[in-house]
Every structure is written in structure tokens, then in C-alpha cells.
Amino acid sequence: MSDPLHDDRGNRDRSITNPAGQGSPLPGYHGTAKPAPGGPFLIGDAMTGGYGRGADILHSCTIAVERGEIAVIVGPNGAGKSTAMKAVFGMLDLREGAVRLDGEDISRLSPQDRVKKGMGFVPQTSNIFTSMSVEENLEMGAFIREDDISGTMAQVYDLFPILKEKRRQPAGELSGGQRQQVAVGRALMTKPKVLMLDEPTAGVSPIVMDELFDRIIEVARTGIPILMVEQNARQALEIADKGYVLVQGRNAHTGTGKELLADPEVRQSFLGG
Amino acid sequence: MIRVDNLHRHFGGFRAVDGASLEIATGSITGLVGPNGAGKSTLFNCIAGALPPTSGTVTMDGEDITGLAPHELFHKGLLRTFQIAHEFSSMTCRENLMMVPGAQSGETLWNAWFRRSAIRDQEAELLKKANEVLDFLTISHLKDERAGNLSGGQKKLLELGRTMMVDAKIVFLDEVGAGVNRTLLNTIGDAIRRLNEERGYTFCVIEHDMDFIGKLCDPVIVMAEGKVLSTGTIDEIKADERVIEAYLGTGLKNKETA
Amino acid sequence: MDLLNALVALTNFVLIPAIAYGSQLALGALGVTLVYGILRFSNFAHGDTMAFGTMVAILVTWGLQSMGVSLGPLPTALLAIPFGILGCAALLLATDRVVYRFYRAQKAVPVILVIVSMGVMFVYNGITRFIIGPDTQSFADGERFLMNARQFREWTGLAEPLVIRWTQGITLVTAVIVVIALFWFLNRTRTGKSMRAYSDNEDLALLSGIDPEKVVRVTWLIVAALATIAGVLYGLDKSFMPFTYFQLLLPIFAAAIVGGLGSPVGAIAGGFVIAFSEVGITYAWKKVLTYLLPESLAPDGLVQLLATDYKFAVSFMILVVVLLFRPTGLFRGKSV
Amino acid sequence: MSNYLRPVAMLALVAVLIVGTGFVQSWNSALLILNMGLVSAVMSLGVNLQWGFAGLFNVGVMGFVALGGLSVVLVSMPPVPEAWSAGGARIVAGLILGVGAIAAAIVAWKTLSKKVRGWAVAGILVVGFILYRMVLSPAVDAVESVNAASTGYLGGLGLPVLLAWPVGGLLAAGAAWIIGKTALGLRSDYLAIATLGIAEIIIAILKNEDWLARGVKNVIGLPRPVPNEVDLQRDPGFVESAAGWGLDPTTASTLYVKAGYALLFAAVLVVLLILAQLALKSPWGRMMRAIRDNETAARAMGKDVTRRHLQVFILGSALCGIAGAMMTTLDGQLTPQSYQPLRYTFLIWVMVIVGGSGNNYGAVLGGFLIWFLWVQVEPIGQALMGFITAGMGEGWLKAHLLDSVQHMRLLTMGVVLLLVLRFSPRGLLPER
Amino acid sequence: QSDEEVKIGIILGFTGPIESITPAMGASAELALSEINESGNFLDGQTLTPVQADSTCVDSAAATAAAERLVTTDGIVAIVGADCSGVTGAILSNVAVPNGVPMISPSATSPGLSNAEDDGLFFRTAPSDARQGEVLAGILESEGISSVAVTYTNNDYGKGLADSFVASFEEAGGEVTLTSPHEDNKADYSAEIGALASAGGDALVVLGYADSGGKGMIQAAADTGAFSTFMLGDGMYGQEMLDDLSDVLEGSFGAVPWSQGEGAEAFSTLVNDTADFDPDSSYTRESYDAAALLALAMQAGGEATSEAAAANIMTVANEPGEKILPGELGKGLQILADGGEIDYVGATGVELIGPGEAAGSYRYYTITDGTFETVEFR
């Protein structure tokens, strides 16, 4: 972050400068989708790229998920897990590689268009509209939908009953775990064909974590493929159909959750012994 | 070492900390756990002077330190790290460490202008110390890297390093582990233990990872809804029904059996 | 009788001017607050934006007048407002395209944008003076008074006059309509909600399929409308001069901040707080009191809290005081 | 090293520009530009101290500059005995009373219990205010009516004018202390707008408190640290040496005087610049950068952020005060009406940003460069317009274009600022 | 050394709060110079060249800079101007005195200038406001108004005039309910009017500038119905007023420096057949005289230098000597060339008293059906 436009030096006066919710730099994708039949349901294929003009962070890294599956990405900090997710979602420049969804090449689509194509994404941090009520958060999730959304909202509410109680409350007043539920709910409102979660359980107490995992499994059972990043690798890999271990932007190990859990090297260096 | 008596902190009508009382024994590594929104960070902030408590007292070695400003507490040897790393992003790792020690004569303008030589010697010492610390944390290869470019875990290490630049009495760590890779977390754990043994630091650690807490901490304090729910060794805690029901949940047991 | 006179005097010299001025400030502050909330910087160019929009309106008004168009009792300028808005919007969108957009794409920290807006302020400043010159321009026409002193005196037989100008009436009415419309838009319509969402968290808005550029465009459009309307009303009610519009920046900011930056309700409240304190504190209460109190107690001084020389200073004293006790403004703004 | 080369090159450029002015236009205007350039450099150095080092957004520069100007009057003008006897003592008493009331209010606020203190403070202030007005007003009237046409104020201390420069600094520092105490403490501080307003208030006071410095009636003919042109012209020795230079006495004398000012100003600038550099490169500077980067962390690491901010805010303002005093000395008059935010606040900001905030040399460079533009844009614009309109037939448009030249100034300033921000956002001499 | 050109600076507020009257003033001064050049009698055929500069009327810094430029770059030998008292004082002490350049102001009327530090370099063809104050007070008396509120433009002209007016009005037993300043170039004067209104008074005395605050105050007063009768100071006399406010001002009155008699008539005729500006616009006569005096003084001194001008102005302006009217400048020059003496009467019946300022007389006018109507001269 060395360049002047970004370091927030000498910016005490929040009354004249309001960084709240300022987004991150984006590539200017404006392309269209091309048919590319075959392959898994969603795949980021041999992706190479980085942020803006910065150095590459991903090096021909591949991530895929099939219908009804849960795929989990683990790896050390700064490995590029979140970056990989963003790449799949078109939030950073791919120098090489492609992203394909449901038999279409969507590498050149802008994030908005990918949402329209049916991708739902829950980022690692700041993943709710804190100043808006829970219900409005869900409505925003359904922003691109023209049809009637009450049905989906009902589904989300019985998936996360607590949200129904707090629907009028500003989401910012909820506790960590509840926020995560709102975030997932928001993503579900788009009726996504695939759901991507970045560390949904970070800083969440064990009880809420278990809760969340159960919910995620439920969602997967409804046939929505799920691609998620996790630091609680053990627990995550237990429920994963497929697991990826990223190291410095490269695929280090790939296999089913069980295999990876069994692999002593993986345990040693990523799951903390 | 630290004693908190019936501490309250309210935000508007909301009671984030609601009459918490606890003690941190000298030389211990005390764990502080509890559900999200239990008030752990808020409690920390109150002790460390970042937030004024609504009521209640905090004493350190019998001396009342309630509501003192952070920098005053710092000079009493009470240090803290943050739930989200607070590095000085545009400064190098080394500078991050060198700026820490208080009472640097070079920090008064007068000396900066008219007593350069005295400052020079002092700087030399700081430099030496900073390098030691970087070695200790196994990140000396990053000494001239801008702190802003470190990855999540390394930032946390740097924060820990800052506490080593001075002889702290007690250090508060807020969620060192959140989003940190487990292997790295173990390294941090070792660092903490060494500081505790070699330098006699007292620690108080917030963490949601029970394995980490289990390996490191004794005793463990559980907070819920702004109150202290129970205190004891990790095993006592894991056995405590109220804790399981409020915080751990049954999932943990299942996993251990699995 | 005396009581009535006192009331009339008060209304004539405090209430009416303050309400009119207040509505004008409120409209201005709304513009500032929108930019701050959605584009995330304090727009120092707002005063000059108002000046530009008004200037366009004035030029059009002159055109209409020369063509003999008129609204009877109402000032012709009202017809020109839409054109003013268009002109202003064009300028703002162009500026956004050439200047702001670059920094937005870079995700420059807001303070850079603030300084950029200073640059823009200089440029607008120049453009406006370049086109219409630095002098005072009068463009009000139609009936001047809704009710003038003589009428009122004859009508009520009171000693004190009560004068209401058309412009004051129009100002109030327009302000109310505009504000209601704005609120409805922000809280009820889809676009409005998407703007709030964007202002809350850009990236997430993106992930929900909201098109940022569209939000920005809409914002500038609204700002242009607010600025022009505020400017024209102010110009009709008082008079148009580029420099005074630049000076308006200060009370407008005061209003926005007192209300709590980023909070529309606050902007309006702030506008009136500032207006009333400015007029009220510098008003000499002698007259009113002489009516109210018995002869014996009648004041001989002016009973003026602060000489009118310091009128300008008042808004800031208010500002500082409010901030000391309520650091985020009356309606806690985004400023934390 | 290139990062030494760049500043040198830039400053050389400025030198060329100014000397060029000397050849093309007249040495008088060249020196005039140089002098104001030096003053501007000091101002932007001050703003840079606040913004570049500590990130304090001070938009009240104008106020501090004006205070500097005031100090020149208070220090150097001869006292007006009649006025003093008319009500001097009483005014002083009144002021003390006012300060006392505020002090009392603060004490009350600090000591009393939550319930009563609000009313207590309000009470104290109201009573205090009334007393203050009762004591002050008659005295003011008395003083102002002493030969209103030519004095009507208390006058100054009649001390050497150079003394006014440090005093100006102190005056500004004092004001900064008060402002800082109130505004810097705020949770998310509103320094910018607060300072903007306070500057206006200061000007309002200067304009309306005639007993202080004749208000809008201006104080003219301030004493000067350099000889008077006429005296020089009358001094045969000087005339001779002037002739030796092949200059007529008038030109020679005016040049001589301006050069004198230039030397004085340059001396001040150099000293301040050195001090600023030493500070920046010391642990103090490092601490300041840390605070700027992350206040919360700096606090937790034992740095007294509030105090440091106050310190640097005061220092920066003091610089502006000194510069203001220098400028008023140069003008030889105090004219409150000429203080405009566009000219004395925003223009200074342009200087800092264009020069490169956080870099002292940058600030100085910006001071010179922007001032040069500010002065030269007008003739250049004239030439430009003349060129553009040359083709046109006489008529409304041509006339309009020609007489709207002076507005090119603002436009150009804006464009320059925007271009710099666009293509080297850290200014011409970046911080690091 | 003939056909050499001598530069005279003309520094007036061509922009700013009196911009509507300055063009006429400038033209009038240049008229005098061109008349002299045509006569060809000036110092055996040297020509006088006018150099104009903008005093802005209020911004002393700008004015000094402009004057500085004229003196150092253009090398003028004397100054006609400036117009407004504030800038005049500034130019005097910062440019004229240091460089020893004499200046004659046609319109700076502040009493303060009477005893300013001037090394005998400052003169004015307009009377001091000390006098105007008395005149205005007198007018109120004859209008039978005993209680007024006063507002003045917040600069030293306004302040000075207000002071002298209030003094002499209260002397005469009148009551001033409130004296409050107004800033020029504000959009809104309702607060100021509010205060004045609540202070009360039978009339509002407006001592401001026609194209700026003064006008705004009257407008605001009319809008709120606070006052219906106004008395206008010299700064308020101008066509501007009639154009925009005739209905409001109907029945109001005021005073402006004026002079009748042969000089004034001569001037009017001269203007009407040689130039195209309104000879009755304020301070045009004074401007003509200012320029003429400078030339005559240099002639009397026998050289085109600042010293010569400064030294001889009083002698050419006053007795003894042959009376010189507008249009007779050539004759005057000739007389001086032949070593004779003159007493320049000019358009305003110049009689420089005390520290070199006009005694001056005023025209007391009322505004009836949209025109300035002379009542009498005082």
C-alpha cells in the first residue's frame, strides 16, 4: 500500500473524509460470457494474477466445485485464499487462466454480471450493510431479482430463525455469529447457483461455529454447490467433499477432505500438528 | 497483579460489560474466553484505558489504575495488542519496534534540535534491541519491509514484538489467533510461553481456539453477557455445563470422540 | 394589542427571514451530506456548484424575459430552474468523468478527494466569474410582495408591519416538497436503497449486483438538483453574486456538521439551527421587549446579544459548542 | 542521489523564473515576487508541519496570518497616550474580567457535580458576559472617540518592528493553544471546519474592534526595518553609488529597500527550514509519523497523542503567525478587509499539496512556485487573451473576454492543483 | 527637450463598490490632460500621458501594488487619485511618500486624511467629511427630523463620515438611535436592518456606496417595511440609485459635494461639447480639477517633476492671480510660462485650505418622481 492514493496518512478528520465502506480497487471487466461446455460446474482454471499493477499473487492456481459438493480451501496466511476467491468472482485482474461457470467462460464478466449469472459470494470481512436493517440487507441481496422475493426470504428465515426476530434491527448491532448468518442469508437471497464463503467462522465462538457448519451442510443439501475458505481446517475438511491446500498462490495439495486430513505433511504444516 | 472489581461498561442502554470481577495472578498466562459479544474486548479496552468504564475499579499491584490513559498505563508496564492488528503501516518493521520505548530523550524537540549527539548513542542501542527482537520472532528478514505489506499472521507477530521492546509487566492479547493459520499460531504460542518463562511477563489472552487455550492457559476465565461465568483449569471449564451450553456447545465433544 | 405588535415584529424580523434562510441552508447542506455519505468526501466545491447552477438559471431567465415569457406574480426564474439543473448536472457529471472518477477507481483515500474538490472549487470559481462576471446580478421579477407593509398596516391596524415576499413563500414551499421527495426516494425506491447500500459498503453492494457508476451518476444528478434549487431560491430571495455563494460554503458546512454529516435529517435540522441562531442572536430585542414589558421596565439598551458585525461568526460558535457536547452532531452522522 | 538532485533542480527552476521576471519585466517586480515567495514559503512550511507531519487538517491559516499582522501594529506603532488615559486601563480590566469568567466556568465544569454544573457554567458565563460588556463598552467608546479620524485606538508599544515577528508567532501560538484545547480533543475531530470558522471570527474581531487596531480604518504607515526610499534618494552618498551602478536614484532606492527585506526574510526561512528538517529526521519525527499512521496503536505504545497534536498544531500556527507578521511589515499596513480565505488559506494549501506534503523542501518549493504563478498568471492570461481575441472583430465577446482575464487566476490555480494531484499525487517533491 | 511625454497616474476604483461613477471621473481627468496637450503650452510642448490603474476602492493591498507598479515601472511623476479614502491613505503612506510622488484625490473625503503624514505630498479637491457631517446634520434639521438610525459602510470612509455626522447631529440636539456598520458585497442585510428597525428612528441615514452595501441596506429596509425615509451620503449619489430604487427612495434626500457658479457651468458646457460623459455625475468636477492642478503646478515649477508639482499646487490653486476656468487651461499655462500668477477656479471653485483640501460646498437634493432635485447648496 505504498502509493499515496491509498495510505491514509494524515487523515484524522473523519468529519471531512469518510472512508467508511470504501471498496477495493477493481479491474475494468466489461466482456460477455462465451459458451465453453464440459468441465466442472464452477472452475477457476490455472488462474494467475494479482491486485492492480502489483506483483502476481496467484500462480496458475486451480479451484473447482461440482453440483451439490462442498469444496474447502485451506492454507497459511497470505497464501492467496481470499485472493483466489476474488479472482473467481472477477475482483482482480487475471493475467492467465479462465473462470468457467455451468458451461460458460465468464472470465471477462464484471462482478455484477457474475452475480446475475447466479454466483453468491460472502467476503471474509465487512460482509453486511451495517447501517441497514436485517431485512433490508436481505432485500439488497435480491437486488438483481425482478420476481417476487418473499418466498426466498421466508426460506432464509427458517434457515436462520434468529434473523426473523431481529429483522428490524440494524445489522451493525448484531454479534459476530449473527452477522455471519446475515451475510450468508444475503447471499442466498440471490437464489445463487453456487455459493462462495470466505472464512465464515473467523473469530466466531465454537458453539456458533458448529451452528454455522450445520447450516452450510443444509444449504449444500438443497443442491447448491459451496466453495469456502477456512482456517478451522480440521472441522472444515471433515465436511468437505473436496479440499485444496494453497501455498503462496499455488496448489500444494488437492484431494478429498478425508485424504488431506490423513496426509501427515498437510497436518504437520497447515493444521498445526 | 491485576484485579477487576464489579466493572460496568454500558453503550447507551446496552450493558457490554455488566459487573465483571476477576483477578490475574502474577506470572500466569490467563485465558479469557466467551461467546461473541460477551464483552471480552470491551473489558480489555476498559482495563487498558482505551474506554472509560461506566463504573467499577481496576487495580494493578494494589494501585488503583481505573480510567488512566493508555500511555500512562504503558509506562506502568501494562501493554496490549489489538483484535485487528494495529501496525504503523507506512513505517518499516524496525521503525515499528524502535518507536516503542518511552522516555526517549530524542522525542523532545529541544533535544532533537540541540543535543543530537546524545540521541545518536540512544538510537544505536534501540537499533540493537530491535534487531534482537526481530530475531527472536524469526522475522529478521523483514526488518526493512513496510509493516503494511506483511501478511495477517506476521502483523500479529510484530505486535507481540512491540511488547518486547520494553520490560512489560503484563500483556493483554486480543484474539491473537483469529484468522491466523494454526501452525503459525503455535509459533506465537511458543513465543508467548518463552516470554512468560524467560522474562516473567504475565499474560491475559482472548482466544476462541480451545486447543490453543488448552495448551497455553491456566487458569481460564469464561465470560458471558458481560459477567464472569466461571473460572478454572481448562478441563474444569470443558466440564462445566453452563460453559458448554453458553459457549463451547456439544460439537466440541463430538469432535473429540470422532 | 402590544402583544400582537410584539409578535408581528418578531415574525417580521426573526421568524420569516430565519425560516427562509434556514430552508436555503438545509437544501445546501443536503447536497453536502449526500456527497459525503455516498461519495465519501466533503465537497468544498459545493458553494461554487450552487453558483454555477444558479448562473445557468439566470442566463436562461434573461432569455425568457427577453422573449416576454412570465409567470405573472411568480418569478420567471422558476421556469429556468430545470435548465439550471441540467446545466449543473452536465458540469458535475463532466467533472466526475474527468476528475473524481479516476480517484474513485484508484480507491484514493477521501482526504485526497477533499483536496481535489478544492481544486475543482477554484476552477468552478473561475468559470462562473468568467461567464457572468463577479458582480451582483438581479434576476427576480414578478410580484415582489405577497403582503407588503402598507397593506398589512391598513388591514390589521397594527403599528408594526408584517411583510412576506413571494420569494420567501416559494422558498419554504419548494424546500418542503424537495425534502419530502428526497426522503421518499432514499427510503422507498429501489435506486434509493441501492444508494444507501453503496454508501454503507461498496464492495458488498457490488456483490449484490448494484452498478456503482450508476449510483454515482444518480447521486451527482440529485446533488445538481439540490444545489441549483438552493442557489436559485437564495438568489431570488437575496441576490446573486459568485463570491457570496462561495461564502455560503461555511454556514452550509456548519449546518451539515451540526446535524451530523451523512444524515439527511440532520442536514435539515442543522440548517434551521444555524439560521435561527444567526438571526436570533444578532437581533436587537429592544422593540419586542418594549411592547411586552410595562413602561417602567422598558429597556433602554438594544438588548442585542451580539453585534450584527459578528453575525458571520455565530454559525461557528454554534458549531464548536455542539461538537464539544455531541461530537457526532445532533443526529449521529457517519463521522466516527 | 536523485532524491537530492530533484529538489535542487526544482529550486533552480524557481530561481530562473524569478530572475527571468527581472529581465523581462522589472527587477522591482522580481524582488516583489521573491519577497512574497519567501513569506509564502514560511506559511506553507507551517501548514506542512501540521498536515505533512501530523495530519492535522487546518483550514484556518488566514486567521493565524492575520494575528501575525496584528502583532506588528501592537508592537511597533507608537502608543496613543490620550487613548490610554481615556480608557486603556479599563479595557485591560475588562479583558481580564472576560478571561477570568471563562476560566471560572471551566473550573466549575471540572469540579462541580454533573447535575448542577450545566446551570452553574451557564450562569457564570452569562453574568461574566454582562459584567464584561458593562466594563468594556464605555471604555471602548471612550478610546475610539479619541481623534477617531487618525487614531481612535490604543496604539502599540512603539518597539522595533522586527520584534513583532516572534511576537506574531507567540500570538498565533496562543490562539492555536486555545483552539487546540477545544477542537483537537474531539473524538472524531472537526478541526477543519472549526478552524475555518475561527479564522473568520478572528477577522471579524480585527474588523470591528477599532480600539485594538483601528478595525476597518486600517493602520497605515507602519514602521519599517529598512530605510525609507526618500531618505536614500536624499542621501548623496547613496545617489552616487547608485549612479555608479547606472541606476537612477528612485529605482535604486526601491530596489535597495526590497533587497533588504529579501535578506531578512531569507534569513528567517533558512533558520525555520533547518529546524523543521532536524525535527523531521529525529526520533521526534519518527514518533510523529507513528502517530499519523495509527493513533490508537501509538497511544497503546505510550505516546501522548493529544499532547503531541497540540504541540505540532501550535508550532505550525506559530509559523503562520510569523509569516503573517513578516507580510504585514512588508506591506507597511494592516488592512483587515484584504484577508480572504481563498487567498490566505486555500492558496497556501495549494502550495503545500503541489510542493509535496510531508517534505519541507516541497513546501518551500510550492510556496515560491505557486506564488509566482499567482502573480504572473494575470499578465500571461492577458497576453493569451490578446492573442485569442486578436482575430476577432471588435464587439461584445472580445471586450468580455479581455476584461474577464483576472478570473483566469483562480482557474489556473485549480487546474495546476488538479494536474499535480493527478500525475504526481504526492506533489513535486514527494515525502519519501 | 520638447515633445517628451510626462506620465500622470490615474488611480480609481474601476472595479468595486463605486465602479458606476469611476468611469466618468477617469474620463473627466483625461479631458483636462488632453485639453492641455492640445493647447501645446505645457512646458514648451511636452505632452501629458494618462496611465490608468485600478484602486478597487476597498482592497488596500491591491491598490498599493497598482500604485507601486505605476511609480516604479511606468515612472509616473504624479497621481490623480485615489478615490476611496481607505486605499488613498494606503497609497499615500506606502507609495507616494516613500517615492516622493504628489497625489491629488478628487473624492477621498475621510477626515483622517487631513492630518495624515504626507510630507506635503497629499492634496484633495473634495471637501473633508468633517464638513459633510455638519451639512447632513443641518439638512435633517431643515427636514424637521430629530431621531434617526445610522448605517455606514464598514470602512474608514463610512466610519469617519458616520462619526462626524453623529457628532454634529447630537450637537444640534438630534437623537441617533443606533449606529451600525454594514459590510459591502453581502447577499443579505436583513439582520442589520432588523437591529436598526428595532432601534427605531424617523429616518435611516445611509453612508455607504451606491453599487454595493448601501443599496442593499435600502433594499432590505424597504422589503421589511422598517424605514420609508432615507438620507444619503455622498457615496450614494448615482444614476444606479434612481434606476433600481426610485419608488423606494421617493421623498428621500441627501447631499453630495457640488458647486455652482461660472466654474461649474463652464465645465458643463466644456464637457457637453467636447466629451461624452455626464458632467453631473459625482466627483467628475473634482477629477478634472485634480488633473488640471497637477499640470499647472508643474508649469509653475518650470519642470515636469514630482517636486515641482508638489511645491506649487497651493500657489496655483489660491489667490492671488488671474482666475482660470475649465476650458482656459491653455491660457493659464501661458500666463505661468510668462512668469505671471494664476488662481485656478476650475469646475469646483477650487480653494485649497489648511493641509491642502477643498473647502467645498454641497448640493442638498431630494428625490422626487425619479430624479435628483436640487433644494439648495450649502
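Letters are used for the chains, namely A, B, C, D and E, taken in the order the chains are written, and counting of residues starts over at 1 for each.
Keep in mind that, in the parts below, contacts are C-beta pairs under 8 Å (C-beta built on N, C-alpha and C of every residue); 3 or more make two chains touch, one makes a residue touch a chain.
What you see is a predicted model, and the numbers here were worked out from it, not measured in a lab.
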Legend entry - Fewest hops from subunit D to subunit E - one hop per pair of touching chains: 1
Legend entry - Which of B-D and C-D has more C-beta pairs touching across its chains: C-D
Inset, instruction - Averaging only over C-alpha atoms, locate the centres of subunit B and subunit E and give their separation in whole Å. - result: 78
Legend entry - Computed distance of Cα centres, subunit D from subunit C, in Å: 31
Inset, instruction - Using mean C-alpha positions as chain centres, tell me how far subunit A is from subunit C in Å, no decimals. - result: 44
Inset, instruction - Averaged over CA atoms, how far is the centre of subunit C from the centre of subunit E? Could you give it in whole Å? - result: 40
Legend entry - Contacts with 2+ other chains: residues of subunit B: 89-90
Inset, instruction - Return the residues of subunit E touching two or more other chains; collapse runs of consecutive numbers into ranges. - result: 154, 181
Legend entry - In subunit C, residues with contacts to at least two other chains: 42, 108, 111-112, 134, 257, 307, 309, 335-336
Legend entry - Residues of subunit E touching subunit C in the complex: 15, 154, 178, 180-182, 185-188, 190-195, 197-200, 216, 223-226, 244
Legend entry - subunit D partner contacts - residues on subunit E that touch it in the complex: 58-62, 64, 68-69, 71-73, 86, 89-90, 92-94, 97-100, 110-112, 114-117, 119, 130, 154-156, 159-160, 163-164, 181
Legend entry - Of subunit C, residues touching subunit A in the complex: 36-37, 40-42, 103, 105-114, 190, 193-194, 196-197, 199-212, 257, 261-262, 334-336
Inset, instruction - Show which residues of subunit D lie in contact with subunit B when the two form their complex. - result: 275, 278-279, 282-287, 289-290, 293-294, 296-305, 311
Legend entry - In the complex with subunit E, residue positions of subunit C that touch it: 9, 12-14, 17, 21, 134, 136, 138, 144, 148-150, 152, 161, 163, 165, 234, 238-241, 243-244, 278-279, 282-288, 302, 304, 307-309, 311
